[in-house]
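What follows is a pair of complexes built around chain A, which joins chain B in one and chain C in the other.
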Partner chain A sequence: MNSYVKYIGKRILLSVLTIFAISIFAFLIVHLMPGDPVRTMLGYESDQAAVDALREELNLNKPLPVQYFLWIKGIFQGNFGRSVMLGTDISGLIKEKLPVSLWLTVPSITISVILGIIIGIVCATHRGSAIDQTLTVIMTTMNGIPIFWIGILFIYLFGVKLRWLPFVGFVSPTENFGEYVRHALLPIIICSFRPLSSIARQVRTNMLDVINQDYIRTAKAYGISIRKIRYKYALKNVLIPIITLIALQVRSIVGGSLLAEQVFSVPGVSRLITQSVLNNDFLVIQALVLVISFFVVFANLFLDIAYGIVDPRIRINGGK
Partner chain B sequence: MTRKDKIKQFRTTFFSRGIISYLAVAFIVLFLIAAIFAPILTPYKPNDMNLRNSLATPSIKHLLGCDLHGRDVVTRLLYGARVSLVVSVFSCIIGAIMGMALGLIAGYTNGPLSTLIMRYVDVQLAIPPMLFTITIGILVGHSILGLIFALSFGMLPSYIRLMYGLVLSLKQSDYITALKFANVRTSKIIVRHLLPNAFPTMMVTFTMNLGGTIMLESTLSFLGIGIQQPTATWGSMVADGYQYIFDRPMLAFAPGLCLLLVVLAFNIAGDSLRDAIDPRLRGKL
Partner chain C sequence: MKKLFLVILIALLAMSLFAGGAKEEEKSAETESKAQNASAINEFQSSGLKATDANIIRGGKLVLGTTNEVSMSYAPWKSRGMFYNLGGVYEFLLMFDEEGNIVPYLLESFEGDPEKLTYTLKVRKGVHFSDGSEFTGEVLLWNLQHFKEVANTSSTHFSSVESFELVDPDTVVMHLKEWNSQIPFSLNNLAGMMYSKKAFDEHGADWCLEHPVGTGPYVIKEIVKDSYTILVKDENYWNKANQPALYDEIEVRIYGDNMAAQAALLNGDCDVFNGGDYGMKDRMIKQGFNLYQNKMWNRVYFLIFSSEVEGSPFCDERVRKAVAYAINSQEMIDSLDYGRTFYTNQYAVEGTGFYNPNVKGYEYNVAKAKELMKEAGYENGFKTKLIVGTDQKLDRYMVAIQAYMKEIGIDCELVYLDNAAWQSTAGIYGDGKTSCMVLCGHGYGSNLVQQAVSNFSLRAKEEGSVGMMNHSAIHPADLDAAIMAALSATDDETMYKNMQEAEYLLIDKYMIAYPVLTAYYDQIITQPNIVDEGFCNSYNRGNDFSKLFRVKL
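Up next, the complex of A and B:
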């Protein structure tokens, strides 16, 4: 148990260091810009007084380490600065838009994990059959399909032709759960494409590997039922590596939500990123890179800890 | 086994997926032809506007019709293939060279430099890939060259990790140790023995990355933060067509379908290549 505490401690330390490195990267976005970032943000016709004011507000006249320190200090006080494009407080923007994105991405990851495991197992246990081949083709296609394009196809089919679902906007589940489902269904589905196909393919491969191992053969020789072998003995070893894969999907779903929010006009953080890039609103991008990466690192840390709970080898050896 | 047998075996494993593998190769060849011979294949220019043809329906003259500005859709698809090919090939080559060099350094030197490179990889991997590419894209500007640089930067970790792992495992192997004892120069060991050993695996990663990069470029162009108008790209064509989804759905469907087929073709080719190069990995992933 002691080594597990050590393992967790090491993971937490690494996560903090990673966040620190990312904060430097985010901080430098404004400073590595070619040209004058303040002029680019405000537009080239802006008057000198406004430029000077923003420069003062961002502490751009102070030395770099001081600027970084002041920026971080502000963030700890919940102050990310002000959006030049919208004129509003960035922390307020994040508070408003982050839940929207989480209402899309969290269900999406959950669905992908559950469905992915089921599909992977079905494929592996029916290896070579028509079901396996059909599902494998579907999964391969899902992995290569342009997310934005399939989103538009869905809108055309379900929104324009069949008129089953609304195709723009978002309603919070706390306001009206039924409307949330109707609005969020298609975005959640298209966000799930990549994670679902990766997880399903990985589960299939792992399951096939495990089934061919000696201990499974021994279990068969003992006359234990196939069902029990599959779901009690094999599944445990199949699912452990999947935790790492889920951690990877947490990263890639940000890309999916970027597209889902754009196609379905969902007012979440991803859409804010796109708009900020188009409007040269670097302070918002800086803040969002930090906040989103923080969530990703935190999710990974959580999964690392879960890894130790599921896999005794890590609990005892400390992940070595 | 003679060289001829080896080639034959390679071909058999490569095409072991049957019709799908042949289709994948066919689509890649079609894609290359479209990209390279675009100006010969169509009588129009991609940015020739003719408002009389605005949103024209398909006809003999314009097989897939025209967009809002009266530009021929087929022509823009062909030139879009060109942009996709140039951007993805160049960024993959740059990414592969930089990544392999860094991975080689990290694997071969065992000091603080190695630690620094590998920690950098960890940090980059903690930032969602698309967000990372977008951020680098802002720093280098919205030109084709800037995009190529941003895309190649985004794929660095995959090459660094691959090369690092390969070098570490090869360093342990007996024949490299023997070469060291025989006083063979380090540079010669790297060029003559390490790189050729790494080459097949790199080819697989390269092919897979080509598909992925084509997708990423289109995605960024769709969002309006990749290659700027009026350059024809499949991503921006889908974005433009999306506005006329009610009347002319074909405008958004056609470029997306091209994208799907090309990306799938590269993914399948990558899988087949891996099967053929390293039979131990068959059926993985």
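Up next, the complex of A and C:
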């Protein structure tokens, strides 16, 4: 147990260092971007006096290390600063936009994981059959199809022709659950395309590998039922690489899905990032990069801990 | 098994073809019906629809779609011009009437005295803000002073203002350092939007940035940035007897994508859309939707040359003129913009006082262009950069210009700059070192003189704050003198005369910037039953929702 605690401690320390490194990277990359953020924010018709005043207000006339220190100091005080483009407090902005993205991406990842595992297992256990081939073709198509194009197609089909679903905007489920479902259904489906197909194909491949392992053959020789072998012994081993795959999706959970948010005009984090980058709203970019990185690093930390639980070899040797 | 599969496939194909045919017929009938409705609308327009007309449907909700992204503020002094969002909330001190004459609106009178260098503004009695506070001389004074002190565009509008003075409870006098003929136009722009002083005093500046409080017929109910803004009718609107709010609610909705906006128009979710490319506009008009545009405001796409960069071929005016001759603007308009933009050979539109009929311009003539290149010593051409900002979505023009330039031996490398780089010395300002051409969209209208000062005067170069490639382009003294004389003109005739002279110098004499083509600045697509009698279809800078009628067809 001691080595496991040591292992977790080491992982936490590495996570903190990673976030620190990302904060420097986020700060530098934004400040090295071409163009004058103040001029971009105020527009090219703005006065020099207004430009100078804003530059002073944003500490942009101070040396880079001082700017970085002031930014980090603000974060520790719970203050990400103010978006000059939107004129609002960035913490409030993140609080407003993040749930919108989460309400799209969490259901889409959940659906992708559940369906992906089911489809993967069905394909693997019916290898070479018509059902395997059909599902494999569908999954490959879903993976290859341009999201933007399918989004437009869905809008035209379900929004314009059939008029079943609205295709613009977002309603929070806490306000009106029915309207949330109606508004979010198409974006959620679109967001599920890639992860669902990736997970299904990965599960299928892993399952096929595992069911050809010696221990499965031995289990069969012992007369253990096929169902028990598949779902008790094989599936557990199949899921280890799948956990990694799911953890990788955390980026999209936090960052939302850019194309879905763009096509369906969902005011989430992805649209905010895009606009902030285009308009050089550097404080928002820095804050969002840091927040998303935090989520990803935290997810990876959680994953490392989960590995230790799922695979005892890791917790025994991991601390070294 | 294979045969059965083949039969099923053929049957499915046949069914889809028949289904498609039926849909086509249905679609054709629908289009015809919409086109008939559109012609009915044209009749309404020609007969001059008024707010009192019995055909107008009042109440309900109007959805106005736009692809314009969020702005930094909803207060006039920090706004970048979100006129669609703010059109129902704010009103202007001065407005243009249907004939294009500027008339007092929130003011009872407005008089200029060039000799005394003053403008006298008298407030209209009975005007109040949506928070109930009265519009008085003191409020007017505060608005003007506050705008001058803190607005991002203060110098654009008020650089020639020395001070403001409250001479009696209803009258403010604007004292000028030099005569400025453009002040009236500024008062029909951001500088003329009135904000409640009471709201400012009670809540502070930060609150105001998020909460517009004006004198208009609507108040903001909800703002979800980058998503929608909802305006509702102000029951206590001061001018409701003469200009009642037509709708109970207006939603200004942001569409992330033109296709989504088009779909929303088609299924009736959106009543009015501001945005879209010319292809979309063309398709919508063919389906019976209406297109309206502003009468005064245009957007010229200038090709500006680095005419003052050491070693640049563009320092030779013959090269600049060769470029102008080599571009077939009309072909670009017809083939790239579905004929929905237009060509004007100068920095003004025919029919306005600024237009100089004696400007010859540069009619498409490749032979002449080649001749000029030869004279300038560039018979074999040269390599250069053609720069544009990506936010302007001008790819189609860039590729066309590149092809025209190739005809005269100029090898253009196309450079696309994102917004941040574009709004810096690399882009629109010019870095003073790079030999290049920049393609730049530039909006102008009633304030053309002011814009000319910002873009082509020596003052703009010295201030370094605004302008097109002002670090890289020449600023001839005679052009500067003509522009500044137009600015300080004490009567319209002198202003127009000087501006016309500036047009000649800018285009025929120096060819500092070539006006590739011109687009209407504000264009909206409306449902067949929405008639614009002054919302976008006007001379005003802002948008008056009381002139956007939903009618019975």
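Throughout what follows, the second predicted complex is superposed on the first by the 302 of 320 C-alpha atoms of A that agree within 3 Å, B and C clash if a C-alpha of one lies under 4 Å from a C-alpha of the other, contacts with A are read in each partner's own complex, and residues count from 1 in each chain.
The criterion applied here is as follows: contacts are C-beta pairs under 8 Å (C-beta built on N, C-alpha and C of every residue); 3 or more make two chains touch, one makes a residue touch a chain.
On a predicted model such as this, the values are computed, not experimentally measured, just so you know.
Colleague: Overlaying the two complexes on chain A, which is it for chain B and chain C: clash or fit?
Modeller: After superposition on chain A, chain B vs chain C: clash.
Colleague: So, A:147: does it touch chain B (first), chain C (second), both, or neither?
Modeller: The answer is first: A:147 touches chain B but not chain C.
Colleague: Applying the document's definition of touch, where does A:74 land relative to chain B and chain C: first, second, both, or neither?
Modeller: After superposition on chain A, A:74 lies in contact with neither partner.
Colleague: Considering only the touch criterion stated at the top, classify A:262 as touching first (chain B), second (chain C), both, or neither.
Modeller: both
Colleague: Touch test for A:29: chain B only (first), chain C only (second), both, or neither?
Modeller: Touch partner of A:29: chain B, not chain C.
Colleague: Could you say whether A:173 touches chain B, chain C, both of them, or neither, answering first, second, both or neither?
Modeller: The answer is neither, since A:173 touches no partner chain.
Colleague: Does chain B (first) or chain C (second) touch A:241, or do both, or does neither?
Modeller: It touches nothing on chain B or chain C.
Colleague: Scan A:99 for contacts with chain B and chain C and give back first, second, both or neither.
Modeller: Neither partner.
Colleague: Pick one for A:156: touches chain B only (first), chain C only (second), both, or neither.
Modeller: Both chain B and chain C are touched by A:156.
Colleague: Once the complexes are superposed, what residues of chain A are shared between the chain B interface and the chain C interface?
Modeller: 33-34, 152, 155-156, 160, 262-263, 277-278
Colleague: Applying the document's contact rule, which stretches of chain A touch chain B when the two form their complex?
Modeller: Residues in contact with chain B: 14, 18, 21-22, 25, 29, 32-34, 140-141, 143-150, 152-153, 155-156, 160, 201-202, 205, 208, 251-252, 254-255, 258-259, 262-263, 273-274, 277-278, 282, 285, 288-289, 292-293, 296-297, 300.
Colleague: Applying the document's contact rule, which stretches of chain C touch chain A when the two form their complex?
Modeller: Counting only chain C, the residues touching chain A are 69-70, 72-73, 78, 80, 150-156, 209-210, 224-228, 253-257, 259-260, 263-264, 266-267, 269, 391, 417-424, 426-429, 454, 463-466.
Colleague: Quick check: in the complex, which residue numbers of chain B touch chain A?
Modeller: For chain B paired with chain A, touching residues are 119, 122-123, 125-131, 134-135, 137-139, 141, 211, 215, 218-219, 222-225, 235, 238-239, 242, 245-246, 249, 252-253, 255-257, 259-260, 263-264, 267-268, 283-285.
Colleague: Of all residues in chain A, which touch chain C in the complex?
Modeller: Residue positions touching the partner: 33-37, 39-51, 84-88, 152, 155-156, 159-160, 163, 166-170, 261-267, 271-272, 275, 277-280.
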